[in-house]
């Protein structure tokens, strides 16, 4: 009995099925070839707004945009760097912070052509750099569930309050370019050059923190499940929560760090088409979509800000920006120190 | 009597613990909301729809099937002579060879993944599918060699002598007497390689390129980015395939007979 | 060289150990030779050398006039029944038996006929479609035999073929095998450690010890006239006494230390000096003139009692007494003498 | 014979040379330095990367933490799994045995990414466990089961159990029941038979199972990443960070080598133990070979 386990018919069926697998596989949709550009981007960002923009772009130019998703922009960068001669990515979405660092690589990145840089006067300050153009910007905000937090949050210091014991989700140092650490430094009397109070502050905050997150999705999920009541995050997250029927409020305490998510132009044979796409993202209609669908602030000065963002638009006097070069120089060390002193 | 009750309770608890997450993920995949709620607001198959509508997932599915099939075939072809050598070889260092072959089993996946990433970088090998195939073949070989060796050990060597004695050459003996008896090992090894390749994350995450992402990588990127249970639907589909494969293996070889064979 | 099996001084060394040494045997065609000996005596190695699984370190193996010493196993034309039968577990009985014929590329119809005939011969015709795991031990053994017979081998080799069978089955299988072997006149070499089996089946017996053949001859001769203490022990002689041969009157006697004197027959003994006397239990009988002693233990074995006797002189002997004889009871005083015709003198 | 062995050895030689070639390149990288903003590495050859890890107490702390947690979880897995393996091996019901083995195999083959995801929801404040605890009134506050070491450990034990049980099951199955019966017959109770007969004789398999689950726990990556809430960082995650956050592949390579040496040393100790106990166990079956 033991050995009569395959009758001829069964055997043929199994072998046939095995042989058919590659056929089935190749029958599934494959990517097309010509007039395509590849955009490496976060999946949610693509899904919320860029997908529509890309479709309009294709209608206008005939150039198809294929998304390549990245779990985080640093993972995206490593993939880009490892790909060698032809990275097969034409536009890479990343944070301005990482872009400032990565685009120093002349082999991988191109200067933006004039067709993009000439848009600078229409855009907010700092939106255009030689090698990247911001797609939108956002304040670091506090998002909280109204059913779990009774009193509104107005200052960063509120987060240290004992009423938030075991109820915060805060980005770790590698996420949002160390902004949680920098906020903590400033709220506790330090600065980017005097970072110790930042670590002291995070240590003091630690009992309130359920998770130091590195993925927006994890943080949103924790908020949705009631693991935490409050997120330190971008307004885009609030939009996604509300879309799922979860009541949240957004606060932008001062000083509010402002961040850009930017587009970089990768050195590929398709750079011309890629530059066209970057310019298209900066067009008024695209910016309007980003503001409404993604709930991030448009970089075009003339684009109206979406309804939901009106109330949280920080007063320019209350915003703060950081020297990305300093951030980049220190972030590795900050992360190790954070892991050592705060996280564990 | 009390100890008997305690013992049964323990066993039951053990299997609830074991199967809980698998069962739960199936429940989650049918949950008609982005976030899990108890009781579920309704049942739907929408996340399965999302899975098959997603270009990323269907492409990953295609990649995964192609990769698993390729790796399974290559791995078994490599494993059979290797197992023969490991079990039957007459040379010094046979035991060492066995240990070296099995060594990827104890290497942390992340280390193996980065090692291959570095090596392929030096050799300027960029093709993701090729990189995944090489890495997974090497990583899976121990499973195959182990399974086939186990079958080898269970063989009655006199049956081979009987074949020689009755007029079969070495090659004929191997094909007509040995290979058919290795089938359980080949089946089990094959199933294991297939599933391991479908499932591997920590090595493939470093080696996949844009075009060759497999399901676990797509799943990981999805859960880092999205909050919906599309991945639960994917996991449930994979579990169903796994259960079917295990059931097939049980029917063909007999699970209890195969596992733990010396 | 004539037909049959001829082993010319073959030997086998493993590293420094000599497993088989200087074995020379000539077996006429159509006869059955038993290699008999304790485990580890080299008998299986000899069998495997004939089959070609072990390369001899020395000597030549000639089968039916052909030197096959360096011929691979599949070209020797031998067929072996293995100790555990070694049936192919993934094939039916029919396929197992057909295996050798298929390798010889015989026609389908011819194969079917021959397999059927072979299965008929071993009474397995109804089991052709079964798998080995579905057969009893005796059936497996017969299937293995059929598998060998069907290819009409030059030599049939049997490695402890009855070892795994229970006693009743073993005896009937032995008879069946011997009948088949004689009917087909097939040259056969059988390995066993069971002297009963060797005696019952063989035309020739070779008793092996430590890689050497201690004695070779027809079973009766080996049984009646063991030529060494080892052979005597192995053939079931339980009384081996030390002492010396002396001329006494017209004949000779054996003076056994601690026993007394035993009369010897005229043929087979010459000279005087230290020697051993081998007496199987059947050779001893009650005799008022014999050596006195007391039965101190007895056990019924069927037809008779095996009794242990402690002689007044100190030595002990084992003898058989009829079931009906009351003197077999422990405590009985008896007198024992040996039949001179059955007393065997061995070198000291 | 020789030539055929060489031919048969070709696939193994190919595989091993690629594998160890890859490791050699990787470890050579550990002696170099990353070129900023690229994936390139450059000389001069230096041991700095090794020194940087070995002389930094907080890095070493990650190594110890990983070792300690792996040891703890391996032992816990063995304690939880062994009785189940025994039951499966000895139950008279073929259905039960096959069901349990099937459940173990299916669990073993269920993906780690999706399982981590599943635990995230099960263990959460509003997950199944906490809902149950609150409902029964066993606690009046939710118990933090996830985003901490406990959550990672629960998921890891779940991940490791099938590997251990399936490894040990074979050894118990192959142990003749007559040994246990004779011990019972000689007056030993159930527990005593377990302690004096079954466990000692299957110890080589237990050591083997421990080795497997230990090395799997040592290389845990996905579970700490997804379930740790940024608070549980094991060595694999540290290495990952060096590649993806610090973009320092040479340092990652150096740490990997150190990691590997430590893991191999630990496993070697287990193998020694296994060989030692195997001799003991083999002694128990003396004379069976004849």
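The letters A, B, C and D name the chains in turn, as written, and every chain counts its residues from 1.
Keep in mind that, in the parts below, a contact is a pair of C-beta atoms (placed from the backbone, for glycine too) under 8 Å apart; a residue touches a chain by one contact, two chains touch by 3 or more.
Owing to the predicted nature of the structure, the values given are computational and were not obtained by experimental measurement.
Using the contact threshold fixed earlier, the set of chains in contact with both chain A and chain C is B.
Taking B-D and A-D together, the chain pair joined by more C-beta contacts is B-D. Taking the mean of each chain's C-alpha atoms as its centre, the chain lying closest to the overall protein C-alpha centroid is B.
With chains reduced to the mean position of their C-alpha atoms, the one farthest from chain A is C.
Separating the CA-averaged centres of chain B and chain D is a span of 16 Å. One simple way to say how far apart two chains are is to compare their mean CA positions; for chain B and chain C this gives 55 Å. Note: centroid distance chain A to chain D, computed from Cα atoms, is 34 Å.
Chain A has residues 2-3, 72, 82, 218, 221, 225 in contact with two or more other chains. Multi-chain contact residues, meaning those touching two or more other chains, occur in chain B at positions 36, 121, 180-181, 183, 220, 223, 254. Chain C has residues 89-90 in contact with two or more other chains. If you check the complex, the residues on chain B that touch chain A are 33-36, 55-56, 58-59, 61-63, 65-66, 68-70, 117, 121, 124, 126, 180-181, 183-184, 209-211, 220-227, 251-254, 257.
On the side of chain D, the complex with chain B involves touching residues 1, 4-5, 7-12, 14-16, 18-19, 21-23, 25-26, 29, 39, 80, 83-84, 87, 89, 94, 97-98, 100-107, 109-115, 117-119, 121-122, 126-128, 131, 158, 161-162, 166, 169-174, 211-212, 215, 218-219, 221-222, 226, 235-236, 239-240, 243, 249, 252-253, 256, 259-260, 263-264, 267. Chain A makes touch with chain B in their complex at residues 2-3, 5-6, 10, 18, 21-22, 24-26, 28-31, 38, 40, 42-44, 47, 67-72, 79, 82-86, 88-89, 215-218, 220-221, 224-225, 240, 244, 246.
By the touch criterion stated above, chain C contacts chain B in their complex at residues 51-53, 72-76, 78-80, 82-84, 86-90, 99-100, 103-104, 144, 147-148, 151, 157. Per the touch definition, chain A reaches chain D in the complex via residues 72, 74-75, 77-78, 81-82, 101-102, 104-105, 107-108, 166, 172, 174, 210-214, 218, 221-222, 225-227, 331-332, 335-336, 339-340, 343-344.
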